[in-house]
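Heads up, the thing below is written out as structure tokens.
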Amino acid sequence: MILEPQFIAEQFLNSLQFSMLLFLLAIGLSVIFGLMDYLNLAHGTIYMLAAYLAYSLAQMGGNFWVALVFAPLAAAAIGMALYLLLLRRAERATHLVQVLLTVGVIYAGTDILRMIYGDLPLGLSQPAALSSPVNVFGVSYPSFRLFIIFLGLLIMGVLYFALERTRLGALVRAGVDDRETAETLGVNIGMVFMAVFAIGTYLAGLAGVIAAPIFGVYPGMDVSIIILVLVVVVVGGLGSLKGAIVGSLLIGFADTFGKLLLPQFAMIIIYMVMAAVLVFRPSGLLPARQFNG
Amino acid sequence: MTTLATTNLCKSFGALAVTQSVNVEFASGSRYAIIGPNGAGKTTFFNLLAGNLRPDSGQILFDGRDITALDVTARSRIGIARSFQKNNLFNDMTVHENIALACAIQSNSGFVFWRPASAMKNVHEKAEAIAAQVGLANERRTLAKYLSYGGQRQLEVGLALACDPKILLLDEPTSGMSPQETARMDELLSELPRELAVIVIEHDMDIVLGYADHITVLDYGRVLEQGTPEQIRSSQIVRDRYLGEDAFGAESAS
Amino acid sequence: MTPGKLRFLLGAAIMICALAAQLASGTFAQELFADAAIMAVFALSLDFLARCGLVSFGHAGFLGLGAYAFGGFSVLMGFSPFVSLIGGVLAGVIAGVVIGVFAIRTTGAFFIMVTLAAAEMFYAFVFRSPLFNGADGMAGVMRFDLAATGFDINDPKIFATFCILICAAVWLLLEFVMSTPYGRTLDAISQNANRVAAIGGRVFYYRLSAFVGSGAIGALAGVLKAQHTNFLSPDIASWFVSGDVLIMVIIGGLGTLVGGILGAGILVFLKEILSTHFGHWNLFLGIIFIAVALIVPNGLIGSLVERLRMREQSAARDAAAGQTAEQGKAEP
């Protein structure tokens, strides 16, 4: 095990990059649950869908950038259609009914993608413009991964601004804090829900496209990431941007360094982190409010 | 004799001071009322007494013992029971089942998993008695969620009584009730055992003045005035801030 | 017909039909019945937990733990199947305590996520564990020795009967426990945990004990599963299995107990039928889940029970109104 500063720096950057991916998925899931009280396990399916769509766009002659622009939009549109046609019906139902519904969507969605694309893993090439490594902290680091880090930070900034400075952001924060009161004050909570769902699924789609060149495109990629995303949401706390940021950083680093130091027990480390957080803060580190489940 | 007292009890929610240095004492054998305008902090005070909230500072003493650190469950077991302002029942259980459950838990049979509940004769007898006491004898088999609103308020009191309390806290027992229902609740309250210390939060001044031996007036979290009904009636401060000059019609003891 | 009687009748009917049907069918069907019965035990363990308001999405962890503990004790350490069974169930109890102490602090959706994570932890461990051959799995798991009774446990007919009888026993045991003060308190906690605390009940300990009991039964199901396939595979603890059993319970009706048995039977046989006829049968399964979620959210038996309860209630209310009217007439 090499403890050279270069190696550590590289792993530090890897952790950061993975955290960004987790963040993009976690923020959508967290705010959707915090605001709408909707346990949408099919969030990962949108992520997977966008990756497959990106693959198709690339196959049709486009490149990564085309995919980056259009695939998340397409995935978000499909996600919105899913919401309006199907998911919205269980909005007032118990979490369990939502679990049943969204698990049904996962099963059906996975099979539909498998029917179209087959079972084998597919690939998406990294953009040519970002194929040469860059020197960071004395480390020669792939520029695509750096791009992911910057994109993630950019989105964090945009979301922060949107939540704190825009009207929609204020409505979202009010709705997360106390939905009933917001409604009685005349907030069209239905519109806010749709906006949040649209943005959340768009970010999930974005995550799918940028993950594709690194992790590949394969059936079951939704499941393999959603577990970690759930841990991020639990650890970070529901409904808050800060919570999603802190949670994704914590888990991103725990996962990367865990796999490095104790590969057999990487998952166990993550769950110990989660257990430790829950002992002291049963609602997560920075929840938007104290949730009663 | 059992006493429940608070010394300099304080509670704030952020910048809002909801309870400010409240000193009150309650003793068994007497009837108390806590009154005050909306937002005065009455329910918060009950939450502090019952253990639903922790105070920021001050103490709560039960028979001289500091119980400030005890939680709701522990306080319920030493003899402090409360009813809630908003109905807080077991909606999918019948009236009888609601009360019987409280009786079973209080008699430490909650964890009995080797005998059917129907075999617990003592519990059932006690539950029947309490149901009759709160006027729900005929509706024992009705699910709580299907009771009339007044019936649910009666069950609220019944659940608190089932805890065999020494101190009974009733949060607006007549809130939302029709005149007939209010009269029934009034009767129920006056028939409560004398040894029980009953503390009622109420807005209905007729009930308060007819029932309480001692009244505490809260305003913005502070104790505005405490005393017998006559003292409160004649208090200028109370009249100005809460009751108004015409509260007692032509009577004004100036 | 009260809801309680309906549930008992349905349960008895399912048991008897299952016993008769499997005796009359071929070996392959008998294996399915055994599988369904084992999943029914598993579903019962989950539904029992749901009665106190906790829904676990990681119950496959207990299933896997029971199976692997049984395998470990019997194959690796050479204990008899019966002793290993005790070991398996005990493992479930210990895990229930250790995980419960952390998990029960959370509620609702958080509890769902925490239990999922805990199960994944176990899955990840056995997936990589050289002790149990990791992903390749471990063979050689033996069943109980019933030679003393003259029955050959390796006969699919006998094993299926055995599993169905165990399912019936677990079901009756749980129905009994739910009729005790302890069970009533669990029900109350699922309806209004705060009020239970206010009337003197220590909610945490009720929930923890239910979690431990549920884990023990889940582990028992795991032991049976290991014996059924004579094989241990990490997939037994995957979140798909946790999802499957949750769906079994929801389809039947959460909290009805017998609903879990029905749901288990339906899902096991449905999967078999679908997979033999269609390549991508997960699609159909998904559609069925969506349909059930939207059309009968209370589950099949749950909806029936709910309707009966409402009818029972209007009858009771009419009776009460009649009584009060009578009293009114009687008084001067």
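Observations
The chains carry the letters A, B and C, assigned in the order they are written, with residues numbered from 1 in each.
We take it that a contact is a pair of C-beta atoms (placed from the backbone, for glycine too) under 8 Å apart; a residue touches a chain by one contact, two chains touch by 3 or more.
Just so it is clear, the model here is predicted, and its values are computed rather than measured.
Each chain gets a centre from its C-alpha atoms; the one nearest the centre of all protein C-alpha atoms is C. Relative to chain B, the most remote chain by averaged C-alpha coordinates is A. Computed from the mean C-alpha positions, the centre of chain A lies at a distance of 48 Å from the centre of chain B.
Centroids built from CA atoms put chain C at 32 Å from chain A. Distance from the chain B centre to the chain C centre is 42 Å, each centre being the mean of its Cα atoms.
Touching two or more other chains at once is no residue of chain A.
Listed in rising order, the residues of chain B touching chain C in the complex are 50, 52, 71-73, 76-77, 81-82, 88-93, 97, 100-102, 104-106, 109-118, 120, 123, 138-139, 141-143, 146, 159, 162-163. Taken together, the chain C residues at the contact with chain A in this complex read 55, 57, 102-103, 105-114, 116-118, 120-121, 124-125, 128, 239, 243, 246-247, 250-251, 254, 280-283, 285-290, 292-294, 297.
By the touch rule above, chain C contacts chain B in their complex via residues 176-177, 179-185, 187-188, 191-192, 194-203, 205-206, 209, 309, 313, 316-317, 319-320, 323-324, 327. Of all residues in chain A, only 33, 39, 86, 89-90, 93-101, 103-112, 114-115, 223, 227, 230-231, 233-234, 264-268, 270-271, 274-275, 278-279, 282-284, 291-293 touch chain C in the complex they form.
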